[in-house]
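Look for chain A in each of the two complexes below; its partner is chain B in the first and chain C in the second.
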Partner chain A sequence: MASEKLNMIEQFKNLDILKVDRRTFLKAVAALGATSFVSLYGNQLTEALAAFPETKVLWLHGAECTGCSESALNGSSPEFADALSELNISLVYHETLLAQQGIFVDGKLVGNSELNGEILLKELVAAGGYILVVEGSIGNGPDGTGKINMIGTHPFKKIYEDAAKNANAIIALGTCATYGGITVTDSDVKKYCDFMGVNQTENKKGGMNAVLGINKPVINLPGCPAHPDWFFLTVAAVLLGKIDLNNLEGVLDGDGRPKVFYPPQNTLHDNCPRRGFYDRGVLDERFAEGGCLWKVGCKAPYVHADCALRKWNNGTSLCMQAGGPCIACVEPIFPNGSMPFYVERESAGVLFGVNIGTVAALAIGAAVVAAGVHAVRRVNKEK
Partner chain B sequence: MSENAQKTKTVERYNWVERWTHTFHAIAMLVLIFTGLHIYFGWDIMTFHNARVLHMVMVPVLILTNWCLVPYGILSHGWQEGGVKGVVKHFYYGYIFNKDDFRRLKGMVLNFFGKQEKYPEFTVYNKATGHYKTKLHPMFKIFIVVEGLCIFLIFITGIVLYKVDWSIIGIPIAHWLTIIFGWISPILNMNGLEFARWLHLALTYFFIFELICHAFILEFDTKVFKYWRSIFIDGKEYLDSPVVQVIDEEEHH
Partner chain C sequence: MVKVTVDPLTRIEGHMKVSAEVDSSGLITSAQSGGMLFRGFERMLQGKDPRDASMHVARICGVCPISHSMTATNALDDLYGVAESVPQNALAVRNFIQAANTIASHATHIYILFGPDLANPRYRDVLTGSTLSLGATGQAVWNELLGRFAPLSYKLDGKAIPVGTSYLNAIPEKKRLQEAIALFGGKMPHQAVTVAGGVTCTPGLGEITKSAAIYLKVMEFVQNYTLGVPLDTWILNTAQAKSPDAAVKFVTDHLASLISKSSGNDFSRENGWKDVEFFAAFGSELVGEKILGLPASLRLDKLGGYQDPSKISFLSYGSFYDSTKDGYNPESPTGERFLTSGVVSGNLKFEDLDTTKITESIQCAFYEDDTPSRHPYDGTTVPVSKAEQINLEAGPTEKYSWLKAPRYNGIPAEVGPLARMIVAQDPLVTGLAKAFADNGMSPANVYTRVLARMQETAILAHKIVDFLNDIDPAKKFAEPLDLRAAKEGRGMGIWEAPRGALGHWISTDKSGKTKNYQAIVPSTWNLGPRDENGIPSPVEQALVGNAISGVDNVGGADYTNPVAILHVGRSYDPCVACAIHTIDATGKNAPRDYELF
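Presenting the complex of A and B:
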């Protein structure tokens, strides 16, 4: 693996990354990962981006766990702050990280944008010209009010609407923001909460943007959480014009994800470190047996993501390598379509909760019995 | 020639093309089911690689027989009796489940339960023309349609399983198929690729079910048992069989 990486670095090292076409740029992005990409082209990026005005990023949190922020902060090569610096990004608003707080006295905002986050957000939205990063889904319920998810005195739906209208582009970060994620898990209260993704909710296109009539370029970066590389390299590609926001069709797949990170041409299963066990038919029936995890619920054969090549925690490991089956967290069907997590999808109940293996066993068993009865009856009649 | 002598006459029920088509079709189907389940369950009988190679070799065999030789067998009859019209007529009476087949099937069920003495004659041979008007068991006529549809579906789901970006002359067939599956799959809470895999497995089970019905219910009947020999070996039809009705009708065009 290390030698493959070195070969790739060798192949790309003399490239003028700013002059190459979009295809080559994205190929380098996909193959190298943020660590190697920034170490190879950091100077070129810094020089190129210094010529542009600083790019403002406004980062909102809806219904979420802040895991995607944590994931970005855990990016170690480059570290979060270094990546912002390399890409000439000004993170103007991020609720978890900013020092300001939202202070109200008698229902009115007090202080100024230096002290009060609510005032800061209003000023930034009014100024416009930023990339909006949305982390977490957007509540529409109950009855379209959005009050299921209040931040301060406003529904997050309203905060998102104001911010999205003035944004140059929107990056939906994590599966909650892209497709609803765990906030749209089937439950009795799902329809009342009515959580939505930015541009898509589960498999249904449209999302909150359709409800609000917002038509902005949207890039989906699903994952629970999203990989820091996916975020930073997408931002880099956008800033350098390698991803044309007005022409996203060729860059994104049908679910709005950059094809370089979520390749339609192969599945996670294809590059899984346990793939050899699958090919030998060593399919674990229990955990920690060391073989392929398909029969204990691994969803990698249906999932498009480059986790197995990129790996997590600075290229250390990934779910299957650590012994946990893939739960399809980057797919629009997550989590309803990937539960139960530890049951092979073909064995999960689909027709009134009955799985196809049981249906088949009953039908085939009935046919065998019928064949026997039929044969006995016919022979007896002949006598 | 007396009527009895006429009835004991032996004619050709299946020609050599039909017999070989059926044999290859059966072999391909059995190997595909076995190797498919071998891959799915991770059996130890052979290596994954060999199972996959066998599976892939049998795909063109099945497709060639089912999509080329079977239609050839069906459409090569009837031409001499009336050109295109004759072919259509032969196809209708020979392969489409019609009201006569319904009557015959009903009679078979009643006969099975002892409510009707006579077992219906489902093969009708016209001695005037020397051809069959119809010869298949009525239940087969239903199975043919269902099986044809299932073979088509298992083939297209198999393309996606084989390679998710499989294309031919630049046409991204597998990608388009995945998109189409993605339109249906939300009903079952799946993505397109997941649905393709699930359907491929479900259809495999269906073929096992159909095989049992085809070979061990319909053909494990004392009255039709001889057709095992006919379809695999000699192709003969004995006109004195209780399931054969011999008619003497001139064709009018």
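Presenting the complex of A and C:
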């Protein structure tokens, strides 16, 4: 057993994790178990970065629910604390986890960075040289003031601006940070709050970085929440130089996501555990029947993410396996384009804001045939 | 008078600010609590398919997402008129995932959010400094505090401190519990299965046995780290004790026996001092110093109490359905749920829950309305129109928070594990509460709040097996809906999140779409601002009279390390993202272009 594993380690040793095709990557991860996979690279990292012993990660929380932090803590292979130590990451700032808090006496910052988080943050930002992780969207409202979200007397917008300027790279974690996500759900207060993603808001490129004139390498890791593997393996790849921050184009898709986790050529539907029911036409019209969830609103045929292979919570399950229709939480259009969640797409008329016929026309590869079939049916119906 | 402000109060969910006026003797004379982020959640649901609420509002909070989707689902069960027919299986699955989420959330609070404050340098100074001269005992207690509860990336005097053993080992257990939830819920956070009429999953024996295996694994941690007596023994002698006095006596006897074998100042886990025992003895002056005769304690029982019992009450909506039969009553009458609903006054008198007595005040919150208070079914919320009106430095008679101020019969109510345990009359927690009251102290304080959270964790860890047992894979898991039932209807969902009473209220228009959606969440109850009568919220009351540096300010008050604010604020397990969201009855959104019927 041990020697078998060693052989596999040899075999995958030179794997360039974000440049191999998805199947090889997943095969490698599955065969080795992500722990050995990461520790394998972790060892290389320790050697390679001997002169650079520690990578600082500065984690900011904007308009968020802390679900992505919770999800990171759910990391299995690598587990959260292991990943930090094996990748030699120093989590220098994280509001939910660290000891410090902002402390003011008569309006003035007091104490030192061991107790006062505001002083710590100032010191860290001044020193620079960190990877900035952003969880939650960034509020621009009302009227561009950013006062919709205040932290320690400053709008979060300003805190983000300062931290982003001195960052080596930015990881937007979760759909709120990447595209606005749940915080940009259509409503009559949407404009008032004016929440933005780091580099993109819904389908519109630019995000808060365009407002602030920030030009830094950004990697988007959407998901509600983001999968812990997407985060830790991306960080690992960056640290190992497998992702070249100065040349992200080849590794990221048009929405800034690593293609290896959000494959452009495949959809979630391809590997759905209920796919067989779809193929046989067992399309449930009620919940808890065990069949395909298409008719109760599943969006998986339009969604690019490897959930069905990776699964969630230590490979336990995923939404569709538990009978819940995919709500497209990794897509820039989430949730406006995927609501109503429980209505069959064709009945909803539009798909992610685009006419369903247009999607069919754009559909490429075998993966989207499913969507195509439905679109064709719909087009026929319309005739 | 000095103004001490903690902003942001970290190690909570969301963005919160607490400021306190402190007099020259180092005592807090008044306090203000503010929520710092507005997301506008309920407005987002207007004009949408009501069924979307359950998945959408889960995103209010990633720490307790089950509670939000569960409460929304309860409101939808009520709206569609299916509450009485939700299959037993669905009730059991909902109970199981809620119980696992509550246990995980409590563990996160105890070990990762609250615990690190026990390693605050203030306790090093008190325990090992010259003021109290506690010698080897003080040093031993400090070593345990630091060794168990130090958080990630912690430094003292420039020296990196290793992560605490309890802290570090709790993370995998939290994760494991999330895996048990994912077996039924698909994923965590933000599970996919709670829908009006039941659940979408159809777990079989595989899922049930696997979750049982996970449970046993988690219990290993509880045995090794948390509790020094077998869980069954603990429950039998506390939660199921004959009287509150008997429960308290069991615990104090148990602690006394530990003390008798710790003459060499060995307070280690190996010597029987698991985290519950350690906290129970050293957390309280009354229990530790006065009853057990220990030379020192952290005196957390002298922080976070209420001075005026007429201005506080304890509220629980009731949690965990009777999953031995189909259906449930959405009104949650007294005694129906495993942890019953009810309201207990500041003087510890019980009354039945009456949800018509709930109102929310916007007097000191950044919203506009022509009347300061409304019942949630009629709730309106219009955020102040101009940016300059968001003045976070405003005083206590102005608008200073994004949180509204909920009241029960006009009185603020504490919600959360302490309130649930008092309302459900858990013998241990009620016994302790009475012991504090008999000694002229507030029954609610930082110590009882944390101990109640530990006790509830034990109770649920004991009960959760029954919920698993109630699942019969051969029977159905969901009842179909008649969507027409939602035309011009309304529904109420009341439930208990880990942090306390959670209510959602929905009403629909004649096309069956959501017209109004209102949520009143635990942290709004606990951490809101003042109301139109100037009555402060629970946390604002609980800070008054506290010694700013804790431990009776021994050695002098230190405004730069306001331990009292940190402990009291965090003792409520704040979830501020939850607490801020608004509703507007006007329904300005254009209806979406799809047909519901």
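Here is the rule we use: the second predicted complex is superposed on the first by the 298 of 383 C-alpha atoms of A that agree within 3 Å, B and C clash if a C-alpha of one lies under 4 Å from a C-alpha of the other, contacts with A are read in each partner's own complex, and residues count from 1 in each chain.
One rule holds in what follows: contacts are C-beta pairs under 8 Å (C-beta built on N, C-alpha and C of every residue); 3 or more make two chains touch, one makes a residue touch a chain.
Since the structure is predicted, the reported quantities are computational estimates derived from the model, not experimental observations.
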First, second, both or neither for A:Y302, with chain B first and chain C second: first
Touching partner for A:I327 - first (chain B), second (chain C), both, neither: second
Contacts of A:K190 with chain B and chain C, given as first, second, both or neither: second
Which superposed partner A:V282 touches (first chain B, second chain C, both, neither): first
Contacts of A:G152 with chain B and chain C, given as first, second, both or neither: second
Chain C-contacting residues of chain A that also contact chain B: 350
Chain B - residues contacting chain A, complex: 38, 40-44, 47-49, 112, 164-165, 175, 178-179, 182, 185-186, 188-191, 193-194, 197-198, 201-202, 205-206, 208-209, 212-213, 216-217, 220-223
Chain A - residues contacting chain B, complex: 202-204, 254, 264-267, 278-283, 292, 295, 299, 301-302, 328, 331-333, 336-337, 345-346, 350, 356-357, 359-360, 363-364, 367-368, 370-371, 374-375, 377-379, 381-382
Complex contacts: residues of chain C adjacent to chain A: 2-15, 17, 36-40, 43-44, 46, 48-49, 51-52, 55-56, 59-63, 65, 90, 112-113, 116, 119, 121, 151-158, 163, 168, 171-172, 174-175, 178-179, 181-193, 195, 197-202, 383, 385-387, 390, 392, 476-478, 480, 559-562, 566, 577, 582, 584, 588-589, 592-596
Sites on chain A touched by chain C in the complex: 61, 63-71, 73-76, 79-81, 84, 90-92, 94-107, 110-111, 114-117, 139, 141-143, 145, 147-153, 156, 181-183, 185-190, 192-193, 195, 224-225, 286-290, 312-314, 316-325, 327, 329, 335, 339-343, 347-350
